[in-house]
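So that you can tell them apart, the chains are marked A, B, C and D in the order they are listed, and the count of residues begins at 1 in each.
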Amino acid sequence: MLKYIVKRLISMVPVIIGVTFVVFAIMHFTPGDPATLLLGEEAPPAEVERMRERMGLNDPFLVQYGNFLFGLFRLDLGFSLTTGRPVFNEIANRLPATIQLAAAAILVAIFIGVIMGIIASTRQYTVFDGGAMFVALLGVSMPNFWLGLMMILVFSVFWNNTFGYVLFPSSGFGTLRHLVMPAIVLGTAHAAFITRITRSSMLEVLRQDYIRTARSKGLNERVVVYLHALRNALMPVVTMAGLRFGVLLGGSVVTEQIFAIPGMGRLLVESVRSQNYTLVQGIILTYAIIFSLVNLAVDLLYAAIDPRIQVQYK
Amino acid sequence: MSEKLLEIKDLHVHYETDEGTARAVNGINLELKPGECLGLVGETGAGKTTTALGILRLVPDPPGRITGGEILFRGENLLNKKEREMRRIRGNKISMIFQDPMTSLNPVFSVGRQIAENVSLHQNVSIKKGMSRAREMLELVEIPGSRVHDYPHEFSGGMRQRVLIAMALACNPALLIADEPTTALDVTIQAQVMEIIKGLMKQINTSLIMITHDLGVVAEVSERVAVMYAGQLVEIGPLRDIFTDHKHPYTIGLFGSIPDIDDRESTRLTPTKGLMPDAMELPEGCPFHPRCPEAMEKCSRETPQSVEIKPGHFVSCFLFS
Amino acid sequence: MATEATTVKKAAVARKQRTRFQETWRRLRKNRWALAGLTMIVLLGLVAIFADFIAPYGYNEQNYFRILEGPSRDNFLGTDNLGRDVFSRIVHGSRLSLSIGFITTSIGLTVGGFLGAVAAFYGGRVDNLIMRFMDIILAIPGFIFAIALVSALGPSLTNLMIAVGINTIPYFARIIRSSVMSTKENEFIEAARVIGSSDLWIIFKHLIPNSLAPILVQATLRIGDTIIIASGLSFLGLGAQPPLPEWGALLSAGRGYLRVAWWMATFPGVAIMVTVLAFNLLGDGLRDALDPRLKN
Amino acid sequence: MADKLLEIKDLKKYFPTKQGMLHAVDGVNFHINRGETLGLVGESGCGKSTTGRLLLRLLEATGGEIIYNGENIQKFNRKKMKEFCTQAQMVFQDPFSSLDPRMSVGEIISEPLRVNRTHSNGKARKKKILEMMEFAGIASRLINAYPHELDGGRRQRVGIARALVLNPDFLVLDEPVSALDVSIQAQILNLFDDLQEEFDLTYLFIAHDLSVVKHVSDRIAVMYMGQIVEYAGFDQVIYEPQHPYTQALVSAIPRINLDEKRERIILEGDVPSPVNPEPYCRFYGRCRERQNFCKEQEVFLEEVEPGRFVSCLLRQ
């Protein structure tokens, strides 16, 4: 197993290096001069030119990229163009909130999604199935920023007007109560997605020959579904949920914005608005690394569920 | 005390789809004595598998439904049993093995676990105790007992089929239904599996229904043979009668289709012309009449009854009534 | 002679002869949800085309006497902070959202489709090169990649479409690649080779027609996704700029007035949801209709 | 003396896999005389289908020669290859995946004509299609039907009509009846028989079922793990098999003749994987008669009596 983990980690390296290149290239060819940005519009041209020299902005593209990559190995992502603080520190400050939010959302999503998916698949064509599938369809069709606003409207604004107190705070971060609405907002689309995948995967598995074998043994339906079918059905669910985690990360940017959560996503939007390229670059890289690590975890989980993969790496 | 282990009376199974109703099994009558091996022969779509699933009440519902008849197992009608009682029979008194060994085992459990599950379920022992029985059963089908903890993907097709046989026989069932157990296997592997089935049948007192389209396989294990066509039994009788003195025009065509390797004069095959009718559009009267070289006017109106032409040899054809 | 010909013809008609297209259409028609989706899309399309006739006001028509008024007979979805009619803005916005959906998906489909088909057909090193590059892009969460592109290109409607379109490329490249690969596995491709067909013949006569179905399904589903992504970017102020009535931008504007004018944020969101829902319904229905095996 | 239509010499096809080189076809030699049928028999994975595909250059051989009508087809350029296509055709195993689901029966059968631009006139083409359909036993009303509307037997007939429409001399039949029910199988086997007579065809009949092959073949080659182990007239192979594998294969066939009792040879184990095989008899591990010296040298197909070739040190 260890060998497998190491192998997967190594295979991540070229992708991440590729990501650094793509991100660096996009940022490099962006209009606007970081030196001017750092010094302000009124700075004398000579000063700006000296700054450009110091920041290495006059070097050829590949040399700049080389320097960037070299810095990366020492966890040096450069300096924020607005505050002058190291990008690494800025991100490290904001990372915990984002991770907490994403983790809470995914837990909510898996819990709700798997249960709804199982119910829908085992009661195919009933009201439960139809209902669950329609709710799931609404869930994937709903923009989460709208859901966020609606929740604020209902649970903060209307609730406050009616009952005179705030049920869930609409902004800020720190307590569990603060996390409830953002986690639901971010988790809904994911839960809906997992519901759909779980259902179709369960239906597919329930059609398999080995399920018929299990039934022909005289096992009761609950054992057939939860023991024989579910474990097989979860494999595609785990993979797809992992791939889809990227969408959840993207959604966290908007969610953080709505609920004023001091996470990376808000920092990203601020940085984009202030054209703080070094910070944007660093944040996008961090997101890509988180995403890759999650997919690594998914692969490991997969290997834990499926003996066919375990054998390859014994 | 009934002498019959299994008695099927006028069984009907239909599949209701949005295209129409498929009449897969149309009034089958069949008997089986304890310890007897019956071969059930027919081509794709004849209703063999549906009959087998019907006995275990495993016809997928929807769309399938047993619409009529009785299945008496030791004198009790299985169709009247509650689902809970039925579960106590499946895998315990009546077991089944399926055609495709590659997909019939659950990939995420070890083979031992899958056999043990059966034992622990019906004999009320722990899975752990069941594992030792699993080991025994594996040895019985000539797989080293040390492989109980291996997973299905570590076995070849032939070995998986043997695992399935071991699983089916783990609780000493009174009846084993084998649905094309060797069709998916290569010839030499098929021979291995058949050898094991034959050996086991001699050792244990289990009745066998061998479902297959391969008359050669039937010849090896069966004492009696039933020929199925379009959801009905057209001919049934002792092995030798059916093989050397078949009467029904369909059976004649069926034997005419088989390349007989021992027949040194390379003659032309003499199959029945045409195709088996779709179960959704069965013809009136005898279902075989549109293809029958001997069809009479009567055949398109009435369905022939089964007639005993020799002791134990029944034919459903107006030529003999 | 003539009678014989007619009987043959009758027999042919009696056998339910349908092309795959008719077969699909027949199954689709039986699916009420898919039909509902299709109807909604057609309606939305009509609204977008005839927006000028349907909307009672222009999208930027301001009325300072009616600022932040709730739903009424004159403005039945209320007015915004500049006195503009919310309903009219949503109606006009349908043009933007639908074109964003179609244009971005078309960008992804053509570029991604080309890359995916090339990768699948030639395989080997070409395949490896293309797909590894796609992996790199896919390693960056899509929405965040789109933010990066927009921040480089500058916020505007056109750049928004380019960014979301590029974002969609790897997605289609993967789908089309796997679709072509599985079509290639069929023996009829070999059969075409045996009769001496050229590569081009095989690609155009066999591979493309047979790979189209899953692509069509994915494209339909993807349109909904791109509408959400694009409106999300506009919501963050990185897409369509005021006064354009893009739905995400409307929502963003409504956010500031949530406490005093709930209708400003509510209805644009409903519009997005209904549109995306329609594409999802149709996509699901198409999938079931094209491959009845998958329908459970 | 019969003239050789096709001859292959030391044909090899290796596929690289993660575990190593897969020797799918490993030094195969045989020839087919004009107008005869050679049965190529073996169990799944023995390389028989790969051999069939190599003959038509659907796959490029790793080594060896394929001589058709005196010419090495591997040296053919594009133009010659196209010409070769009109002479050598193939019928595939799977009647479901071998027909393009988006083409009607008429389109499928006419495709070879359109690709090779032989019948530019639409009317002539239609006439040719109907003629082929009649030969293959397909009712003319089905000309506009789509494959999914047909049963396996009819689909296979469409595949046969497609293969015949260019008037070829040579057909590779890749398990053409193994997906069909017995009575349909018999109908199709009879059809092959009739067509051979009608069009003077030469067949390479690939199958896993010896009894099927016996019915149509003049000579039979038995393959095991990418090599031919025995190669002789059909009666020699079936009634007096010499190679231990052929003997086991013949004895394993379930018999319908109740009085013809034979000793059944049960082989141990499964067919081993043909990845990086050891350089001695491939059958060694399962052979009942194996000797120590079998493991010490390579074994090649040798003529042990006139017209019979066996690849076994014990018989040579």
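Here is the rule we use: a residue touches a chain if its C-beta (ideal position, glycine included) is under 8 Å from a C-beta of that chain, and two chains touch if they have at least 3 such contacts.
None of these values were measured; they are calculated from a predicted model.
The chains in contact with chain A and with chain D alike are B, C.
Highest inter-chain contact count (C-beta pairs) belongs to A-C.
Taking the mean of each chain's C-alpha atoms, the chain closest to the overall C-alpha centroid is C. Taking each chain's centre as the average of its CA atoms, chain B and chain D sit 32 Å apart. Between the Cα centres of chain A and chain C there is a gap of 23 Å.
Mean C-alpha positions place chain A and chain B at a centre distance of 53 Å. Taking each chain's centre as the mean of its C-alpha atoms, chain C lies 48 Å from chain D.
Residue numbers of chain C whose C-beta contacts span two or more other chains: none are found. Here the chains touching each other pair up as A-B, A-C, B-D, C-D. On the side of chain C, the complex with chain D involves touching residues 8, 11-12, 15-20, 23, 185-188, 190-198, 201, 205-206, 209-210. On chain D, the positions that touch chain C within their shared complex are 53, 56, 58, 81-82, 85-86, 89-90, 92-94, 97-102, 111-112, 115-116, 140-141, 144-146, 148-149, 159, 162-163, 166. Against chain D, in their complex, chain B makes its touches with residues 43-44, 156, 158-159, 186-192, 194-195, 213-217, 219-220, 239-240, 243-244, 253-264, 266, 268-273, 275-276. By the touch rule above, chain A contacts chain B in their complex via residues 208-210, 212-220, 228, 231-232, 305-308, 311. Put simply, chain A touches chain C in their complex at residues 14-16, 18-19, 21-23, 26-27, 29-31, 121, 124, 137-138, 140-143, 145-147, 149-150, 152-153, 157, 200, 203-204, 207, 245-247, 249-251, 253-254, 257-258, 268-269, 272-273, 275, 280, 284, 287-288, 291-292.
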